[in-house]
Amino acid sequence: MSRLDKTLDDVRGLIEAAGFPVALHGDGAFRCRSVASLERAGADQLAFAKDERTLGSTETRAGAVVVPSATSRLAAHQLVCPDPFAAFVAVLRHIDRERRAEAAGVHSTAVVAESASVGADVSIGAGVTVRDEAEIGERTVLHPNSYVGRRSRIGSDCVLFPGVVVMEDVTLGERVTVHGGTVIGCDGYGYIQREGRHVKIPQVGTVEIGDDVEIGSQVTIDRAALDATVIGRGCKIGDLVHIAHNVTIGEQTLVVPTARIAGRATIGSGAVLAGAAGVADGVVVGDGAVIGGSSVTYRDVPAGAVVYGDPARPKTHQLRIEAVLNRLPQLERDLRRLLRRSADRDEND
Amino acid sequence: MSRLDKTLDDVRGLIEAAGFPVALHGDGAFRCRSVASLERAGADQLAFAKDERTLGSTETRAGAVVVPSATSRLAAHQLVCPDPFAAFVAVLRHIDRERRAEAAGVHSTAVVAESASVGADVSIGAGVTVRDEAEIGERTVLHPNSYVGRRSRIGSDCVLFPGVVVMEDVTLGERVTVHGGTVIGCDGYGYIQREGRHVKIPQVGTVEIGDDVEIGSQVTIDRAALDATVIGRGCKIGDLVHIAHNVTIGEQTLVVPTARIAGRATIGSGAVLAGAAGVADGVVVGDGAVIGGSSVTYRDVPAGAVVYGDPARPKTHQLRIEAVLNRLPQLERDLRRLLRRSADRDEND
Amino acid sequence: MSRLDKTLDDVRGLIEAAGFPVALHGDGAFRCRSVASLERAGADQLAFAKDERTLGSTETRAGAVVVPSATSRLAAHQLVCPDPFAAFVAVLRHIDRERRAEAAGVHSTAVVAESASVGADVSIGAGVTVRDEAEIGERTVLHPNSYVGRRSRIGSDCVLFPGVVVMEDVTLGERVTVHGGTVIGCDGYGYIQREGRHVKIPQVGTVEIGDDVEIGSQVTIDRAALDATVIGRGCKIGDLVHIAHNVTIGEQTLVVPTARIAGRATIGSGAVLAGAAGVADGVVVGDGAVIGGSSVTYRDVPAGAVVYGDPARPKTHQLRIEAVLNRLPQLERDLRRLLRRSADRDEND
């Protein structure tokens, strides 16, 4: 599935080039057709064992394995490496680059405005639209049917996968990856009520995405009403996440798939919003804070705090509450019994 | 709205051809313009009454009705059929096929790689992209602006609606339907932290979708990190569902709209994830298990179990807890009263 | 970011033209390059202070400010207006119109069926598909790669942003705006089980969207099984909302981003579904009712009621329960203590 098609000698070369020491035990001419997990790998595949324990406890038919130390337990050819996972990731990175390589150039069916500025070695696929005064940085890849609005600036070495929509006046930094179908810069949800009707507050702000951000599929990042919705450097945003207007997120924060952040919320750096977590409008979440899975906070969360539940509470407190909830029907029965006894006593007094 | 434009004789023919016995009471030359529900149908429309009770209790102005038995209560023309719903579905299937029929051929604005393999009678719409070495099975329809990545294989009789994105190396079985905008094979959410930065684990696995699977709109099905994300035969996946990397789902499982399944979770066959249900990462849900609406399980669920709540508990236990919660404020007041009395007694002792 | 590029005299003209009285204090020739919030505005930007208190409490470097009354506290040029926010919105509306203006005409790469009917001054962008017998009203804008299915009718002055998909037989009223990537008229989730397999109930109904509706990005609005899914005039639907088949929503109802409405639910007029709120299938929510954030109702909600929680309860009751939950571990300890005492007493009796 994940074509590699390299000899073990070549794989060793890849790992060394990534800066990891590696020794070959076995036949360097052995051909690794592809990669797989230790459990699933077949005779022509390369796998890895992250540590001695995994190596000892997992049956494998892999033809070659990246291991922490050489072992006679395996019939497989071995690449011995102190950090097998890191070494393996270097191989995966090579595969990823190869399979998604796109030739530079503009496809004949793409529509690129004359006033747009397109950097060197850019690849613009079929059906792509780049509007007036947009800027596309060097080596950036715009996959088929993606769209870049007027005056938006996409940095260098970015990738927009098929169907991605970047609306007007949006800025993406360097090395930003956006997965298929995501929309950046759609309007925030802002209305005022006048005489029983909802009147739109035009959303004329923008979105600013920092360097090295990755954004999943079907994400919506709304443009600000005024000013900017900001996503800091190195953030990783999962699939189906919603980020509302005027949200600010610091650097290196993780927003796991299906999480959602309401308008004007501020999330610090190095924070984690787990899957389906929610942050209510205007809430401030501190640096390094963690909002648990499916947990929703309607109040500010201090830096470093870990909160769970809906409404979110400090994790230990929430877990204690949940434990009592399990016993709640019994607890009520006990209380009823006491109430009856108390009533009996009162009668007897 | 749902054009039929057939005589009642023709409709009878359709139902018979689908294998259901049917008798006509009324004028076979009566023209059914379209279909509607019994409540909404007008004089030129065909409706159905699923049983005697519905027939008896519903006012209708339908011109023709599929009924379980002939009745003088209705002025309408009648098609008498032991299973009116099944017979009506046969008519709906005909309408559905007609209104969505697409001529075979490749639209002049589609971009199909030379190395792609395209089966007989395939329909490829405007703005479609089919990349190198992709395979499209016979009679499959790729609607406008859909995308099939390199080396992906789409079976025969599949339908990709407008804007669907199938990334590289993905496999779809036979008769798979994917609704508009859905993305299959985008990257899983996988990073390791190194020196305060999140480093991507390339997601070089794939997605394998079985025969007869239907997938709604705006769904994200992530490719595996290694190996494959697997969705078994006959599964039905609703809109806005998220299926993370390395998830495995058995056969004939229902994943209702807005449900989400985190990484490496394993769902059995014949299971049901109700609307907005969640399954945490690595969790195993057994065959035939049911996760209730908006319920989230962080633990394995045995085969056949029905769990509700967040965190999910056995349904009866959860319902009991919710009932006590309704009385919780009163319960606390009662407890306080007892505490005061107990304190009074202690004083008096 | 939000280019204005007008003199203060011109801005005054815009505000007056929108029907608001306004007086200039300062230099009418001052050039406002763009707009920003009071906090962020720079020397060449126009901002607004919604009231005296904001004006008094906010530091600003804005070059010009729309204010409720003239003040010597600001060095900025001032436009004095009784309702500064309304006046400012008039300016925003002008910016919004300018930056998104599209020239009338059909792009050479668009594919418009011969039998489609296209009104005057329509703008059809690159890669757009308009199918047979579709109707596009006057001045409507179809952005690149959007799709209008067979026989669908889009009213006048509508906007479909990039990648929007409107399936067949769907009706949109006048002045409907749909943001990028949204799909309207995909199939509802409807199956019957026959011999252990899920058999599809063809979804041959339609979707009817009223005038002045706005719909966010990545929304899914399913077509009805029979009849129609209906969204009333003036409703505002946020990003990533799911509206299932045969749902009916009244007029001027707010459905905030990530809310979801299951099949056959009926929502009244002037209601509010807050962020991530859920309505279960078949449930009736009355006019003016409010479902709180992340709250899910499985039962009918009376008109005007405000419900919170999952399952949703009247707001005050839910808040009381949540307050007791915070004390639940202590409450259990107190109960245990009483139980021990009661047991001691029994022993002593």
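Residue numbering begins at 1 within each chain, and the chains themselves are lettered A, B and C in the order written.
FYI, a contact is a pair of C-beta atoms (placed from the backbone, for glycine too) under 8 Å apart; a residue touches a chain by one contact, two chains touch by 3 or more.
Note that the structure is predicted; figures quoted are calculated from it, not measured.
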* Structure fact -> Rotating subunit A so its CA atoms sit on subunit C gives an angle in degrees, to the nearest 5, of 120
* Same-residue or different-residue interface between subunit B and subunit C, half as cut-off -> different
* Structure fact -> Chain centres from averaged Cα atoms put subunit B and subunit C apart, in whole Å, by 26
* Structure fact -> Residue ranges of subunit A touching at least 2 other chains are 109, 127, 145, 163, 181, 218, 240, 310, 325, 331, 335, 338
* Spell out the residues on subunit A that touch subunit B in their complex, using ranges where they run on. => 1-2, 35-37, 40, 85, 89, 92-93, 95-96, 99-100, 107, 109, 125-127, 143-145, 161-163, 179-181, 212, 214, 216-218, 234, 236, 238-240, 252, 254, 256-258, 270, 275-276, 293-294, 310, 322, 325-326, 328-329, 331-332, 335, 338-339, 342
* Structure fact -> Per the touch rule, the subunit B residues reaching subunit A in their complex are 109, 111, 127, 129, 145, 147, 150, 163, 165, 167-169, 181-183, 186-187, 189, 191-192, 196-206, 218-220, 222, 226-228, 240, 242, 244, 260, 262, 278, 280-281, 296, 298, 310-311, 313, 317, 320-321, 324-325, 327, 331, 334-335, 338, 341
